[in-house]
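Listed next: structures, encoded as structure tokens.
Note that subunit A is present in both complexes that follow, paired respectively with subunit B and with subunit C.
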Partner chain A sequence: MNTWKILAGLVLAVGLVVWPFVIENRFLIHIGTMVCMYALLALSMNLMLRIGQLSLAHGALMGIGAYTSALVMMSLGFPFVVGFLLSGIVGGLVSLIIGPILLRIRGVYFVLLTFAFGEIVLLTFIEWVDVFGGVNGIFGVPRAQIFGYVIKDRSLSYLMALAMAAGGFFLLRALYRSEFGAIMETLEDDEELARSLGVNAMSYRLAVFVLSGAMAGFAGGFYASYFTFVSPGEFNFWTAVNLIVINVLGGIASPVGVILGALILVPLPELFRDAVQYQVLFYGLALIVFLKFMPDGLYGLIRKMRGKRNDR
Partner chain B sequence: MSQLLIQILMNGLMMGLVYIMMALGFTLIFGIMRIVNFAHGEFYMLGAMAVMLLFSTLGINYFIAVLVAALMVAVVGMVIERLLLRQFVGRELNGMIMTLAIAITLKAGATIIFGPQEMSIPRPVSGVTNIAGILIPNDRMLVGAIAIAILVLFYFFLRYARAGLAMRAVAQDWEAAALQGIRPQRIYLMSFGIGCAMAGLAGALMAPIFTVSPFIGDVPMLKAFIVVILGGLGSLPGAVVGGLLLGVVEAGVATFINTTVATMISFALVVVILLFRPAGLMGQSR
Partner chain C sequence: MTDNPIMLELSGVTKQFGGLTAIGDVSFSTRKGEIFGIIGPNGAGKSTLFNLITGTYPASKGDITYKGENITKLGPEGVAAKGIVRTFQSATVFGNKSLQENIRLGYLFGQLSVPRRFADRSLLSSARATAETVTDDVLAFCGLADDRERIAGELAYGVQKTLGVAMAIAAGPTQMLMDEPAAGLNPVETQEMGELIRRIRAERGIDVVLVEHDVGMVTRICDRILVLDRGQVLAIDVPEAIQKHPDVIEAYLGADIDLHQV
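Presenting the complex of A and B:
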């Protein structure tokens, strides 16, 4: 059984790496890249959902990463590697600075607070035209470049996104299985228990928020170089909502569910390309149906079915 | 100069009244159901759409059209409450995601039916009234008058009507209220309906002044949100004070600086208040 599992994992991994070189369809490769980028973002949102603090600032955190990377390369003239690393570092740093203030607030108030914070960041991008280029944003962001080799090829961009998503996935999986993960669970269910055991709840929350912010920042850094432009419209509160939708649809309980959600939701708009309104309508309706009938998401459903089969 | 100040004050008060109508419904729903209604702006939009159909397309008398529009929005709201929201009462985070889903769906539905373009409605009243040198457009004065009438009505309803008292009882402690024979489920339905009707009414009243499109609910929703934080989530008097404050401050800053800065200042204010006085300016922290 276990060897089969390992074998299946290997086949899956090789398949994920090799397919864009076999199927040389630019469009499909682009979709694959987007799935990976959103998977990373949704995983960063999953961290927040795990501690019960739904953040609407993640669009803004991604934007901070994207603008950081763009400006570090274009205004300061640093190479891509520096810009990209800084996009994650600054994302984490901003979280580290605002975290101790924001995380004291709980529940709805935290959601509203992160929403207001996100709007302020966005308005700063728009209003401070000299630095951030205003509503139009910044054009001509350099492409990703590693060891002097420019990643122009779509399949290589995909591989980079895949590596980021896989990194995020395995990091979260390891994290959730560790003692840290167990403490995170108590932070959501019963913080008093955690505190009574001598856990400094606040520093754990902060650590989760910083990691989450850094992941969103990295996704932003990737975004800037992949699309070669950044504009404030891409980082509004609907971005955060999309990440929540992916989580709810796939299932919050496991990183596998999050990947599943991204895999289904990101390509979805392409099916409705000719009619954007129908795409949005379908999006909303799907979310309603899932919230009402499948609160544990697709992954929860799969688990339930498996569980029933095992019982027999 | 004083002329200008009074003009700004009047404009601010007028917008403030519309904000209050939005914010009262929003805060009522939160106070009673513990649901943050992210779809509140969509009910504003539905009110505007309904008045466009009734008044502009079917040619029904404007005042009747406004009333019918508000009632229609109330019915839509109650159906949504019954089918989709009831199971989320008290479950704040999931309830919030559900209202987001409802907002997405309603907006997309309206875009499919009416198209994304901005449409205008003929004004039911026009002209300007000159009161001691201060110019007030008649249509805005009408909105102000109706809004004040509705707010007074709402106040007396909550204060003296049995149903209003029951609503306040459920907001305070639904278990104790249930022990007194009040059925919380009916109160949820009623308060969501009333909250949506007020949003729909605001939309119906503002439709001839601004344009109508599926996206017009976004800004009033944002304002309601700011007002409600200013006044304290769930606090009705807070919504009134917050609405007037936001209307006047915004009109002032927008005149002397610009609107982006006005919005930024209001959000910064929201952050500060949430951090230091989460119960709002008026509320007492528990």
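Presenting the complex of A and C:
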């Protein structure tokens, strides 16, 4: 049984790496890349949902990463590796600064505050034209470049996104299975009990927020070099809403569910271009249906059908 | 016991909510090896006083020290990190986890409470290694071993309350603060809880301060009792003296309670 599992995992891993070189369909490879990028973002949102603090700032945090990377490369002349690393670091740093203020607030007020923070960031991108290029954003962001090799090829971009998503996936899985994960689990419902036993809840919340912000920042850094432009419109609160929908549909309880959600939801608007105007309607309906009838998401449903419970 | 060192000490502790003084100028100290009870009629401010000691509310005035160290502004986790662990009035456990996992987490959280210590890998691995032993020990001590695999949220209320105490023991405190340990328990369970508290002091060397509504239990197990009335200390004395104290009888008669019947 275990050997089969390992074998299946290997086949899956090889398949995920090799398929773009076999099926040389640019459109499909682009969708694959987007699935991976949004998977990383949705995983970063999953961290927040796990501690019961739904953030609408994640579009802005992604934007901060994207603009950081673009400006570090274009205005300061650093290579891609520096810009990319800084995209995550700055994303985490901004979270570290705003976290102690925002994280004290719970429930709907936290949601509103993160929304307001996101709007402030967007306004800064739009109004500070000299630095951020205003509504038009910044064009001609250099492509990703690793060891002097420019990643122009779409399948290589895909591999980079895949590596990031896989990194995020395994990081979260390890985290959720550790003592840190056990503490995180208590933060949503049992915080008072955990604190009474000596858990410094605030510093754990902050650590989660910083990690989450860094992951969103890295996704932004990737975005900037993949599309070679950044503009404020891409980083509004709808991005955060999409990430929440991915989580709810796939299942919040497991990183596998999050990947599943990204795999299903990200290609939809690309595949049904003509129906994009119904996207928001679809998301709304999906949210209602899932929250009402399948609060554990698709992955929860799959687990239930396989007769397992409550296991990560 | 009067020669034992002072452990918990409150001096001039006051708590105001807006214009209302819930706790006014309360001072007392507990000694090593003591089970110290706090009683009082409804609305006397027992819960507020409890929450001040545990760091849940900040005091408006006054100082709270433990072993001479000021803990007034530490907050719940800071107070716990000093070795003072509380239990809750209602059964408060990690409901979706097994009973033994609850106790294991109680131990680990107590060990890993401070982030600085969490980062210490050697401490983490040694804590993991001893977690099983501590869990087994605490399970046996509290008489919970038979139910160890069961999900905590599905247990009877009395068992959940015992589990709450077990978790606090596992966290490794030197001082335990118990918020109405007998609340919601039937007479048999109350008796057992009283026994457990006495054994916590005798066999674990943990000092206990408890706030309680059940005067019978308090007079049975406590070494000294503080009577709180309208936010102020009415009397502090041994149980026998408290039962005869005219002011105490007066305060309780005002609340329609006969001390000799409860």
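Following the convention adopted for this analysis, the second predicted complex is superposed on the first by the 304 of 312 C-alpha atoms of A that agree within 3 Å, B and C clash if a C-alpha of one lies under 4 Å from a C-alpha of the other, contacts with A are read in each partner's own complex, and residues count from 1 in each chain.
In the analysis below, contacts are C-beta pairs under 8 Å (C-beta built on N, C-alpha and C of every residue); 3 or more make two chains touch, one makes a residue touch a chain.
Every value quoted in this text rests on a predicted model; they were computed, and no experiment measured them.
Novice: Looking at the superposed three-chain arrangement on subunit A, would you call subunit B and subunit C a clash or a fit?
Specialist: After superposition on subunit A, subunit B vs subunit C: fit, no clash.
Novice: Check whether A:305 is in contact with subunit B, with subunit C, with both or with neither, and answer first, second, both or neither.
Specialist: neither
Novice: Output check: A:12 vs subunit B and subunit C. Expected answer is one of first, second, both, neither. What do you get?
Specialist: A:12: touches no partner chain.
Novice: Roughly how many degrees, to the nearest 10, is the angle at subunit A when you join its Cα centre to the Cα centres of subunit B and subunit C?
Specialist: Apex at subunit A; the opening toward subunit B and subunit C is 80 degrees.
Novice: Looking at A:101 after the superposition, I want to know if it touches subunit B, subunit C, both of them or none. Which is it: first, second, both, neither?
Specialist: A:101: touches subunit B, not subunit C.
Novice: Per the contact definition in the header, classify A:195: touching subunit B only (first), subunit C only (second), both, or neither.
Specialist: A:195 contacts subunit C only, not subunit B.
Novice: Where does A:203 make contact in the superposed view: on subunit B (first), on subunit C (second), on both, or on neither?
Specialist: A:203 sits against subunit C, while subunit B stays out of touch.
Novice: Just checking: does A:119 make contact with subunit B only, subunit C only, both, or neither of them? Give me first, second, both or neither.
Specialist: A:119 contacts subunit B only, not subunit C.
Novice: Looking at subunit A, does subunit C or subunit B touch more of its residues?
Specialist: Residues of subunit A touched, subunit B against subunit C: more for B.
Novice: When the two structures are overlaid on chain A, which partner does A:283 contact: first (subunit B), second (subunit C), both, or neither?
Specialist: first
Novice: By how many Å are the closest C-alpha atoms of subunit B and subunit C apart after the superposition?
Specialist: 10
Novice: Subunit A touches which residues of subunit B in the complex?
Specialist: Interface residues on the subunit B side: 30, 36, 84, 87, 92-94, 96-98, 100-109, 111-112, 116, 222, 225, 229, 233, 260-261, 263-264, 267-268, 270-271, 274-275, 278.
Novice: Which part of subunit C faces subunit A closely enough to touch in the complex?
Specialist: 54, 75-78, 80-81, 85-88, 92-96, 105-106, 108-110, 112-115, 118, 124, 167-168, 171
Novice: How about subunit A: which of its residues touch subunit C in the complex?
Specialist: Residues of subunit A touching subunit C: 179-180, 182-183, 186, 190, 192-201, 203-204, 207, 310.
Novice: Under the stated contact criterion, what part of subunit A meets subunit B in this complex?
Specialist: 52, 54, 101, 104-105, 107-109, 111-113, 115-117, 119-120, 123-124, 126-127, 241, 244-245, 248, 277-278, 280-281, 283-285, 287-288, 291-292, 295
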